[in-house]
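A quick write-up on the structure given underneath.
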Amino acid sequence: MYDVVSFGEAMLRLSPPDYLRLEQARSFDVNVGGCELNVAVGLSRFGLKTAWVTRLPRNPLGRMVANKAREHGVDTSNIVWTDGGRVGIYYLELGSTPRPSQVIYDRKGSAISLIKPGEVDWPKVFEDTRLFHTSGITPALSKSCAEVTAQAIEAAKEAGCKICFDLNYRGRLWSPEEAEKCLSRLMGKVDILITTQFDTETVFGMKGSYEEIASQLKERFGLSVVAITLREVRTVLTGGWTSLALADGRFYRGKMYDVEIIDRVGAGDAYTAGFIYGYLTGDVEKAVACGDAMAALEQTIPGDLSWFTEEEVQKQLKKADLRIQR
Amino acid sequence: MYDVVSFGEAMLRLSPPDYLRLEQARSFDVNVGGCELNVAVGLSRFGLKTAWVTRLPRNPLGRMVANKAREHGVDTSNIVWTDGGRVGIYYLELGSTPRPSQVIYDRKGSAISLIKPGEVDWPKVFEDTRLFHTSGITPALSKSCAEVTAQAIEAAKEAGCKICFDLNYRGRLWSPEEAEKCLSRLMGKVDILITTQFDTETVFGMKGSYEEIASQLKERFGLSVVAITLREVRTVLTGGWTSLALADGRFYRGKMYDVEIIDRVGAGDAYTAGFIYGYLTGDVEKAVACGDAMAALEQTIPGDLSWFTEEEVQKQLKKADLRIQR
Amino acid sequence: MYDVVSFGEAMLRLSPPDYLRLEQARSFDVNVGGCELNVAVGLSRFGLKTAWVTRLPRNPLGRMVANKAREHGVDTSNIVWTDGGRVGIYYLELGSTPRPSQVIYDRKGSAISLIKPGEVDWPKVFEDTRLFHTSGITPALSKSCAEVTAQAIEAAKEAGCKICFDLNYRGRLWSPEEAEKCLSRLMGKVDILITTQFDTETVFGMKGSYEEIASQLKERFGLSVVAITLREVRTVLTGGWTSLALADGRFYRGKMYDVEIIDRVGAGDAYTAGFIYGYLTGDVEKAVACGDAMAALEQTIPGDLSWFTEEEVQKQLKKADLRIQR
Amino acid sequence: MYDVVSFGEAMLRLSPPDYLRLEQARSFDVNVGGCELNVAVGLSRFGLKTAWVTRLPRNPLGRMVANKAREHGVDTSNIVWTDGGRVGIYYLELGSTPRPSQVIYDRKGSAISLIKPGEVDWPKVFEDTRLFHTSGITPALSKSCAEVTAQAIEAAKEAGCKICFDLNYRGRLWSPEEAEKCLSRLMGKVDILITTQFDTETVFGMKGSYEEIASQLKERFGLSVVAITLREVRTVLTGGWTSLALADGRFYRGKMYDVEIIDRVGAGDAYTAGFIYGYLTGDVEKAVACGDAMAALEQTIPGDLSWFTEEEVQKQLKKADLRIQR
Amino acid sequence: MYDVVSFGEAMLRLSPPDYLRLEQARSFDVNVGGCELNVAVGLSRFGLKTAWVTRLPRNPLGRMVANKAREHGVDTSNIVWTDGGRVGIYYLELGSTPRPSQVIYDRKGSAISLIKPGEVDWPKVFEDTRLFHTSGITPALSKSCAEVTAQAIEAAKEAGCKICFDLNYRGRLWSPEEAEKCLSRLMGKVDILITTQFDTETVFGMKGSYEEIASQLKERFGLSVVAITLREVRTVLTGGWTSLALADGRFYRGKMYDVEIIDRVGAGDAYTAGFIYGYLTGDVEKAVACGDAMAALEQTIPGDLSWFTEEEVQKQLKKADLRIQR
Amino acid sequence: MYDVVSFGEAMLRLSPPDYLRLEQARSFDVNVGGCELNVAVGLSRFGLKTAWVTRLPRNPLGRMVANKAREHGVDTSNIVWTDGGRVGIYYLELGSTPRPSQVIYDRKGSAISLIKPGEVDWPKVFEDTRLFHTSGITPALSKSCAEVTAQAIEAAKEAGCKICFDLNYRGRLWSPEEAEKCLSRLMGKVDILITTQFDTETVFGMKGSYEEIASQLKERFGLSVVAITLREVRTVLTGGWTSLALADGRFYRGKMYDVEIIDRVGAGDAYTAGFIYGYLTGDVEKAVACGDAMAALEQTIPGDLSWFTEEEVQKQLKKADLRIQR
């Protein structure tokens, strides 16, 4: 039914304009973002058939979140609507050197964190679905979320879906020990793992070069594909982005993108969207190339979502032309 | 030490500009408001020495809330700072006929709702303090809030403070039965009660004319002063405001103000501020007059707080001049 | 497949904020609107399955238009995408008494006006569809649009769809004579006609009371249902709204709504959405009631689209409560 | 050379958006306004050849002021540029009932207040000029301004110009006694006086009906035409406007306009522009009609200036159509 | 009568704020720009007497465009006003590395593209005029525009004006072949040609170093002065600017400016304005120096127009002081 | 009573958003700033008890200024309120390379410039106060300001306060000769002098390396501590910041901070706040370290004030982490 289904939380993102500090704010720009929604949006815009599963309260804020998914063509018919719970919030303050950007989470008690096993009919969702994506954030939200995530992965596996997982460790949600305990179990069913050197060391204690880490992960969990993203933090407002992937016994290396950062949040999810797109419509080489292009582009626009077209990503793969396009 | 101390919660108030619906919002105007803070601010601006007691998280949002109190000269040295809890939020959508304005609360788990008895040194706070103000919202926030409210009222009474109480029933926080049970007990120590016909009927089941209600309240709880505010809802954007008070065996009636409503939230708290000011610097007649003027004025500006001066209220008492003032 | 399919143009709507004149503008608020899109959005939000057919250029502006339909759940899979043509624009200046609001159209050469017969597979679109809606604007856009409209109506009829038509005469697009010639022919297949006294007189030269006009229209064109909307222009910023419908030999009269106007554009389309919703889920009485409530509500928010829920319309049918809703 | 020349000060006008109080402001909308500039702009937009004489500092703010005149086609070649002095400011707070709008002037030391006799070559300015306009504000700015105003009026008279004068008493600039002393002397050369009942009583101590005041003024100063404007203050946001004029021994009465006020500042100057336009292109009857229409329209847009066309004023004279104009 | 007359189109420029993509926009910043208007504005601000000839519709948007010219002192009395046609639009999306800025034109059917020979009285316009400027965009707009451009150049030549021409090839308007055919003919009458290496190669197929291209152009078309501008695209938000000119048998080289780009559109036109200014008030050396300074400065402000003073350009010629100026 | 008292002027700061030039502005962002207020705010936020002494008019603008001090906890009870005078203004235009940022002062006639000796009860203000801070701007405002500054310093000295002085030469307010004459006299009582190489040379004619200048200043005026701040202007939007101090016979050198500049105004005052904080809570080494960190951070946020916490400064001292903080 779908090319890709994702499962996770999206939050209101409230950020003061014009580099104001949160404490100075008189207004907040409102965006909606969350790892798995971001991925679904990026993929839908490239023409894939996607669905996003979450749990939302029946109120204007819940509807706003679902609207943003629909705006980009993501199927929202599997969202669980509820009268309890809230829409989580994250406050984002954008900085400049030497003041780093900063996130304050206010997501406790969100509708999805109160989800109960059985509320989503996973086998129906995964019928004729090619790939399931979720991240390490979803099971970290609550015990029941962890349980539902495990059931989703199992159901996906049974339905013959590929499983793509973004490790995405969040220290505010759980400890490395809790994360390792939970995620190690899930890894067994995962096909594609996307992560960073930092998260891998934090959660699994693995050290070494990017290549070594990829190899260790692949081996320990029996993964088909491991992708490691590399964000080069030059200043708060400029950076570099590249990645490497390990699959079929060889390494695929992306090119290094220079980025003038307008808003760095969502780059990782854009990478995942690009990666899955390249993987489903080509191979791991295309996956790395599309992932890197998307991640670089995503940092040049406000918001977590990827407002790009497949054609724009293709242009980046050829040769970046920085002149004005008329 | 203070003329007036108040105790209660303040929230971030997030509202879309330009009569947009919440679901349409791309930005929120940020204000800070809460019954007891609003009252303290109104009084401080009139030259009284005020303090506001609350509990706030040590983060930019908690600081923002405290800053707004300080901005108007309210003492914040008795605020309890904590590493847990959050700043509650209320979303406000401003309407026009026939679409009413609408509030969505997202205040669960706020830092003040997690307050514990003993965290505030009430006897010290009330040393040489003339009046203590709180409302029916504070004990409704949580059991521990109810407990601390009761202790505060007791301590205030012992310190010789007058107690002013705004009934302020909030159906989202507790049932009428819970409210009655809790508030009836507190009423015994209250000197001045400010409320509406609607809340009185809901919580105490009292019916009748404004005068009858005032009399019943006074009698049942042994109050010195009862004030009933009357908001006339003509359209969503226009209305009337007046009030009456019962004290010393007679009724004091305010004049009816016509109001072109810019933002109706906070009118009741402005009334309370004006009432307390009039009461502490004059008598019940002045209290009613200042309360009504403040409530009318407050609806002409954005936000919950009263950005008025004592001189401006005096002008309204004389004769409203609607021509441009040069 | 769909409950309702609509066909027509949507434009970018550019309007200066804060009652500025167009000539004064330094910025434009951007909205998207167009009769048939507005209707589809209103219906989709009430839970009906809707699709909107149009023709759009493959560029960011074309995508923006389609996004707005998707945001509200309207199916866009039948949109014809093209490399030629443009997205039409209408400039809107909002006035206050005695300066009326004003629209400047800049829609020539829009992608839909260049549509060619055969580009839409109407029989497929109307498979299992209950109702087709379009308006007098669509055939007025160009000769080929008129042709395609006629084909669409024919195909809808053949597929067993009800045909709903909003007369919507636009003097900038064609003369009354041209309109009459074209529309008279289409009327023969229409089931439900929604119009105003003014348009009826202009296009068909019919005069008389609302009831007489409804009767004349019904008779002349053999319509099942005729609805006449009545907008009472009190001032530029306040007005009244009601309607009457003729069906099954009797008149259905709606109640008169008082409206504080934030943005009056789209009221007629909101009426149509409400009317169709009431008609498809109930009867003509419900149609009139829902139509009027929607039209009144729609004028209280910025933009052409109806951001309301079925529940909010139901509340209006009971009794408008103008107090703040907490 | 010109149809109309005016002489006076224009200031930056700083006003908080959205009915915020000045004390609440985080941003100011920037406009430029001043009695005589406003008049020149209104006239230039109607196709008359106008020039505005003032004195401005050579800096971005001085240039901004001159730009606004040029934007509407007003000749600025007679402006005196200087390295001293500043651009005066007025802060404007827009209110709603019962909070009146409020102006705070900060105009001391403005470049024009430091003007010296001889800096303007009046005979050259008035060559082939039909009418000179100034107001009671200009001589009130400083002694040298009063001197230069007297010289300008004298030079205009000698050049055969008509003299139009708006009494415009400003209590913050001088006392009624000072005003009377200065203005009485100037009145002898004035042809057309435009004023209000209130200003007339304040400055000249005249009392009576509008007609009586007009007659007294005409008689005492030997004026050709006297126009009295009548602003009906209903609420802060709604009002009425009309006027009457006395000339050639008869009274001309305008119609009463109902106004939904967006920004009431500049209405009097718009009236003067309309009046002069009607007078120069027709007669006193047309003058009153155009003046009233302009004054009503001007209150429906933000800013002091009149962004209207002659055609729009003509439409108002016929019959106000409050429906949206497509 | 004028120092400089220019002829061409100006459009509304609609751009989303804050680096938002066009597809994301909820508002557009409104500017007005067009090659020949931009040049006239830059020159007028330096004290030259300039006129801009174009064709505009009689509506608020047409007036807005003319107002912007007048705001900077450009004479608009030769504009042809019409009831047909529209104001063209260009949408501008500002990017950051690696997302380039992007322009979408929507200019078909603009009033100027419908101009007819004879509508402008060129001999009268050029009476006592020193220099005429236009660009390769104007003849590309339509056949009649090409015809009128040719007539204008001829008339200018006859009146003894210098002719300055900016090659400005626009691939969306015509093919290189069409451009070469049309422009080659016009070149014969041109005195000063301003262009880029890229455009020269595209239109005339010339290759080589900057110096060689200048020499080839000079020789082939018998030009007096050829200027080649060099924009160094370092990143999307930073760049360099310089130029060289060939005249009187020698090369004039400008200095290289480093630029932090706020808005790169209009830099070329600012160069032309600076160049013409330097040329008319000095020599080719001054022309190059002023051109480069203007082009660099123009990229530091939003909009197409040059809001600079002659004094500010002089300061850049001496030594750029990047410290805050108090 | 206080840890630190400062004395000086604060102005409204009006700046166009989005790098617009002043002349282009349609709105101004409103901030409040002034050397001594900025210092007091920075210190108060770090937990020190501070008071700011100034003179303000009793109007909304005067109140706005005082509110900003109170918002950050600065005691305003010693402010002199008056019915005369105005709030000074400074207009700020933010630039990018090669256009420098620019300030236009409009501060003549400010309330503080009209202060009279005796209006502040200095001995009372300094009771139990540890340090007094003022700058070379305050005595430059007017003769009476110079007189009051001298009295303040004398009173502070007598009360046993340390005196901290920021040389802050402002060429628009007085000549180097006037400055030297006045400031030389004050220097005798100063303990801590903070200045730049540029100001030192301008006012005292001292030349040499930073170290030599520090030594000369220390020797000539018998200072305990001399701090020299070094702002490296790389481009308009990027720079470096460091400083050195001389005390107890040795030099203390800060580290060099790289800065992406959002708003460079207030960096020097932030330095002073950090320096005083480090000095009062530690030693000169800590003073330099805290000063540099504060100065760097302050340039990353809009406005003159330092919205930082002691904890954030501590983080900078350790090691700047430029990654997003979650």
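For reference, chains read A, B, C, D, E and F in written order, and residue numbers begin at 1 within each chain.
Definition applied: a contact is a pair of C-beta atoms (placed from the backbone, for glycine too) under 8 Å apart; a residue touches a chain by one contact, two chains touch by 3 or more.
Here the structure is a predicted model, which means the values were calculated and not measured.
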State which chains count as neighbours of chain A and simultaneously of chain F.
B, E
Touching both chain D and chain E we find C, F
Counting only C-alpha atoms to place each centre, which chain is farthest from chain F?
C
Can we say the copies chain B and chain C touch using the same residue numbers, with more than half in common, or are the two sides different?
different
For A-F, which listed pair, B-D, C-E or D-E, repeats its interface with over half of the contact pairs the same?
B-D
Give the chain pair, either A-C or C-E, that is connected by more C-beta contacts.
C-E
Taking the mean of the CA coordinates per chain, how far is chain C from chain F in Å?
61
Would you kindly tell me how far, in whole Å, the mean C-alpha position of chain F lies from that of chain E?
45
Residues of chain E whose C-beta touches two or more other chains:
17, 21, 23, 26, 67
Connecting every touching chain pair, does the picture come out as line, ring, star, complete or other?
other
Quick one: which bits of chain E touch chain A in the complex? Just the residue numbers, please.
18-21, 23-24, 95-103, 105, 170-172, 233, 235-237, 264-265
Would you mind writing out the residues of chain F in touch with chain D in their complex?
14, 17, 21-23, 25-30, 59-61, 63-64, 67, 86-87, 89, 91, 93, 104, 106, 108-109
Across the complex, what residues on chain E touch chain F?
17, 257-262, 296-297, 300-303, 307, 316, 320-326
For the complex, which residues does chain B have touching chain F?
67-68, 70-73, 76
